[in-house]
Amino acid sequence: MSDHNQAVAHQVGGTIKSFSVVWVILLVLTAVEVFLAYEQVPLLIMLTSLMGLSVIKAAMIIAYFMHLKFERFSLFMTLFPMLVLCIVLMLIFMPDASRAFTMRPQ
Amino acid sequence: MSDVKAATMDSLWTGGGSPYAIGSKKFGMWLFIISDALTFSAMLMAYTYCRVSTPDWPTPFHFSPGIVFSSIMTFCLLSSSLTMVMAVHAMNHGNRRATVAWILATIGGGVAFVVLHATEWHTLIVEEHVTISSNPFGSPLFGATFFGLTGLHMTHVIIGVIYLSIIAFAVGRGKFNAEDVEVSGLYWHFVDLVWMFIFPLVYLLSAKV
Amino acid sequence: MSSLAHAPHQAPSGFIRRYIFSLDHKVIGIQYYFLALFSVLLGMTLSVLMRYHMVYPDARVSLFEKLWPTSAAGGIMTPELYLSLMTMHGTIMVFFVLTTAPQSGFGNYFLPIQIGAEDMAFPVLNMMSFWTTFLALIVMVAAFFVPGGAPLGGWTAYPPLSGVGAIAGPGQGAGQTLWVISIAIFCAASLMGAINFIATTVDLRARGMSMMRLPLTCWTWLVTAILGLLGFAVLLAAGVLLLLDRTAGTSFFLPAGLIVNDQILLNHKGGSPLLWQHLFWFFGHPEVYIAILPGMGVASQLLSTFARKPIFGYRAMVYAILGIGFLGFFVWGHHMFMSGMNPYSAFAFSVLTMSIGVPSAIKTFNWIGTLWGGKIRFTTAMLFALGFVSLFVSGGISGIFLGQPALDLYFHDTYFVVGHFHMIMGVAAIFGMFAGTFYWFPKVTGRLMNETMGKIHFYITFIGVYCIFTPMHFLGIAGNPRRYADFTNFEFMNALMPIHSFMTWAAVITAVAQLIFFINLFWSIKKGTPTGPNPWESTTLEWGIPSPPPFDNFAGVHPVVNHGPYEYAVPGAPKDYTMQTDPL
Amino acid sequence: MLLAPIVWILTIAICYFFIGHYWWFPAPISEHGVAYDEQFTITLAVTGIIFFLAQMALGWVIFKFKDDGKRANYSHGNNKLEAIWTSATAVLFIGLVLFGTRIWASVHFVAAPADALKIEVSAKQFAWNFRYPGPDGVFGKTDIKLINDAGGNAFGIDDKDPASKDDITSASIKVPAGKPIMLIMKSRDVIHNFFVRELRLKQDIVPGMEIPFHFQADKVGVYEVPCSELCGLGHHQMRTTLEVMSQADFEKWLRDQAAQK
């Protein structure tokens, strides 16, 4: 990714065909998500698979629609580790959420 | 931009140009997206926290019409992202008329989303009596998180529509360059991307058949 | 650098475009500086009033009655007035002084010059960021003047106290709402500033200014901006949720079954006060580093300059800055050890908290290493930098107590905490600002500040702050809780009153001594000794241009950087300092 | 330079006051308190030495290395030194926290013994209430609608519940010495904090949560309990006492209270 020498400001990669393909994939993934909701899968499996699919969709949007695939890899490295880290860190809230659940007054 | 172009690979971080070989505006928009993504993440975390800690979380969305309706909204937003990519593509090839047309199509998608969303809100508030502070199906936090999250997102969509209108107007009059269109596109795709998390977390996980 | 083409090479001629809605980073930096100067004066006055009330809770002061006819009727300050002064002191100091001055003030003025740029990356955004901050300050100060007065929930605004509205006490109505709105506006302003700082540092460095040639000030401004970008984004979300709780009837932070002031709150159900604490401290701990990191940068720059020696371990310093910024996000839970948080999370947080002591220790050792074998010039600026190191050690070391949940079982919310954070993020950061002011004043004005006044001010302040804040640790050890309007209700606190009196008088003297600084600052603008472009024989880029700098900083010449930032005493070099732009 | 002696004098003065214990902890009244004081002393010793050496070194360099017109020696640092002091501080700091974990664990990881005396704590703006289950060991049902401070029912105890008949309420907390106590802490309005200096213990009381908390006090006496989390304008008046009594006195107090009902 990083060795796209021609990657200057207004010569971005991607073709109309590739964008359309991505769009179709996104729609299909959304349809899968909706199908999962229709099937009423157990909550935890549902949550995991929905988040997995959403992350894939987000990655496709970022990579193709937002052209990040065609930028230097260093831009990706500058931006995303810190965001992902912060979001993962916020999961530390969750033990307290279940604590608030179990310790609530009867 | 000429300097940016002139910056060669060997001078990646040694100064004299962007180490990413992109304009500052684009980088600035990316930084904004990172921080805004974290704001949304914090909201979604708050939503998850509330949901985990609440015993009577409701599942008020029937598959039809609720989920089908929001799926159509998702379709509008996703398709508007495609038209936005087309607009950026056209602008990169110097085709301003096509660019304006594609941006207008994007605005159309955004407006459709807002209208559908407003309809849904209206139904929820007026017919099902779910408001930001109350909810007949269970915990009032459902209304709070639902309207809080979707409201913040809808604000972003509306801002995006205004932003794109300005861009379309200026591009039509021969102002602004490809970078400006691309930067507005980044914002629009981000708004789309956020919806890709709100839709499953708020709607699909609150669905009952 | 044609990417800077939007910055015209001539200053705009109209007064408003030139000095009020200016796009020039230098003017905006000065605007920020004076905004912080106003805020620090306000915050300091509040603190002196608070200290006075703690020691003389029953004294009748006619001034109080004139200022607050209702909440200080008869001249006696009520507890709620005390608490609102405390809340506003904390908020104004943290947000409008410690966040704006070192970063947005000094950073705005000197970051572009130090990296060899003509302006910030987004001048319009820069201007908007300042005026948004200004708006936030107006909204914050307006809280004094609404019915009920300023909020009394502390700068951390813990719900339910801050969430349930006016029934929780005067000031918890309109005052607290304005507080939340102001903080949200401030978040927006800080995000604009952060984006600008990061883009500027990354994109606009002059040729040859590689990352490892950045002055340490620029590194700290960069890392601070990253912390702000991530931290304020989360605080913004938290503020919006709190505002919804207050105004729209939601209950994110309000659980069911609250009975406040004998009223059962039926409309709130299901929320958790801990959620606010998590969101708040997720921002709140990085905020500590937002306040102190630029001070570290200034101290590093000055110690090297005035010791006439390269900084000891430049790379280690950079890694320590990055390490502090990185670890700063992992440790917010140490503010919540006693909050009812999961005790296993508390354990994890404590280990990470202790780890953050390591890069801080590296910095201290490196500062002393820099001074070791140096040829120290004792200017006022240098004295403040040395004072910074001393205070950083004193304030940092008490963190080793507070970072252990075992010891926090006693120290949480005692004066030990107050002493700790005032020493490190309060006074140490402010010493960084004083140091920066004395150091950069000749660059901004072309004149030197008065050294005699400066030194008198320094010594009184240095001894004064030790006299104010060291005794707080003893109060904490004796168990004195913080945020108490007076101490007459508890036997053990009555026994501690002599310490409180001592601190109060030390605070009064130190506060009055700050007038010397204000006089010095304004006197020197007009009457200071004129000086050349490089009075300190310093090496970084700002010292290679005239004082005050021309509108586009480098008068159309694009600097090329050939050296690292702290090349002092280079063997064989013609001078004892090698400017960054000197030929190879 | 003047600064060097000032730094030294301040450092010595601070150390003097810390070593002299002029303002210090009250004597501990529990095993936990003794363990706490040990951990504090160890931490104080470690940090005290670092503090003293760092300040003295700072004073020394200020005193020693004045500008004399000559050039300083050109050095960019010493990686070996960096590595040594980085790892030394890391080991020291992490070691301290790991060593103190046993104290935290004994308070929070270990549950109260089964025979612990249960006491319910209710905090409100700006008063404390405590409830004892009485001889049956069961707390009577409560209902927030029945809460009536003026009528002496701060807990909202439901009189119709037979378990509530022998419940005893008190505005201060009395406990028997040498017996494990388990508090069930609730807040009615905002966050409060239960703090007993002599026990070296502190816990926030968060509305919407019932927080369990256990301790054992061994020494008879009366100890002040200040609220230690900002709770509003009367925060500084939110005072009660912990009275540690001998087992016999405590039982007598319980009987007297039951008789008064």
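Here the chain labels run A, B, C and D in written order, and each chain numbers its own residues starting at 1.
One rule holds for everything that comes next: a residue touches a chain if its C-beta (ideal position, glycine included) is under 8 Å from a C-beta of that chain, and two chains touch if they have at least 3 such contacts.
None of these values were measured; they are calculated from a predicted model.
Counting C-beta pairs in contact, the chain pair with the highest total is C-D. Once the centre of each chain is set as its mean CA position, subunit A and subunit D turn out to be 44 Å apart. If you average the Cα atoms of subunit A and of subunit C, the two centres end up 36 Å apart. Centre-to-centre, using mean CA coordinates, subunit A is 13 Å away from subunit B. Chain centres here are Cα means. That of subunit C falls 29 Å from that of subunit D.
Residue positions of subunit A touching 2 or more other chains, listed in rising order: 78, 82-83, 86, 90, 93, 96-97, 99-100, 103-105. Of all residues in subunit C, those that touch two or more other chains are 202, 230, 234, 255, 257, 271-272, 274-275, 278, 282, 340, 344.
Among all residues of subunit D, those that touch two or more other chains are 208-209, 211. All chain pairs in contact, by the document's touch criterion: A-B, A-C, A-D, B-C, C-D.
Per the touch definition, subunit C reaches subunit A in the complex via residues 202, 226, 230, 234, 255, 257, 272, 274-275, 278, 282, 329-330, 333, 340-342, 344-345, 348. By the touch criterion given at the top, residues 99-100, 103-105 of subunit A touch subunit D in their complex. On the side of subunit C, the complex with subunit D involves touching residues 78-80, 83, 152-154, 158, 160-161, 164, 168-170, 255-262, 264, 271-274, 307-314, 316, 338-340, 343-344, 346-347, 350-351, 353-355, 357-358, 361-362, 364-366, 368-369, 371-378, 383, 386-387, 389-390, 393-394, 397-398, 400-401, 403-407, 409-410, 412-414, 459, 462-463, 466, 470, 474-475, 477-479, 481, 483-487, 489-493, 496, 499, 568-571, 576. Across the complex, subunit C is touched by residues 1-3, 6-7, 10, 14, 17, 22-26, 36, 39-40, 43-44, 46-47, 50-51, 54-55, 57-58, 61-62, 65-79, 81-82, 85-86, 89-90, 93-94, 96-98, 100-104, 107-109, 124-125, 144-145, 147, 149, 188-191, 193, 195, 197, 200-209, 211, 224, 226-237, 239 of subunit D. Note for the complex: subunit A touches subunit C at residues 78, 82-83, 85-86, 89-90, 92-93, 95-97, 99-100, 103-105.
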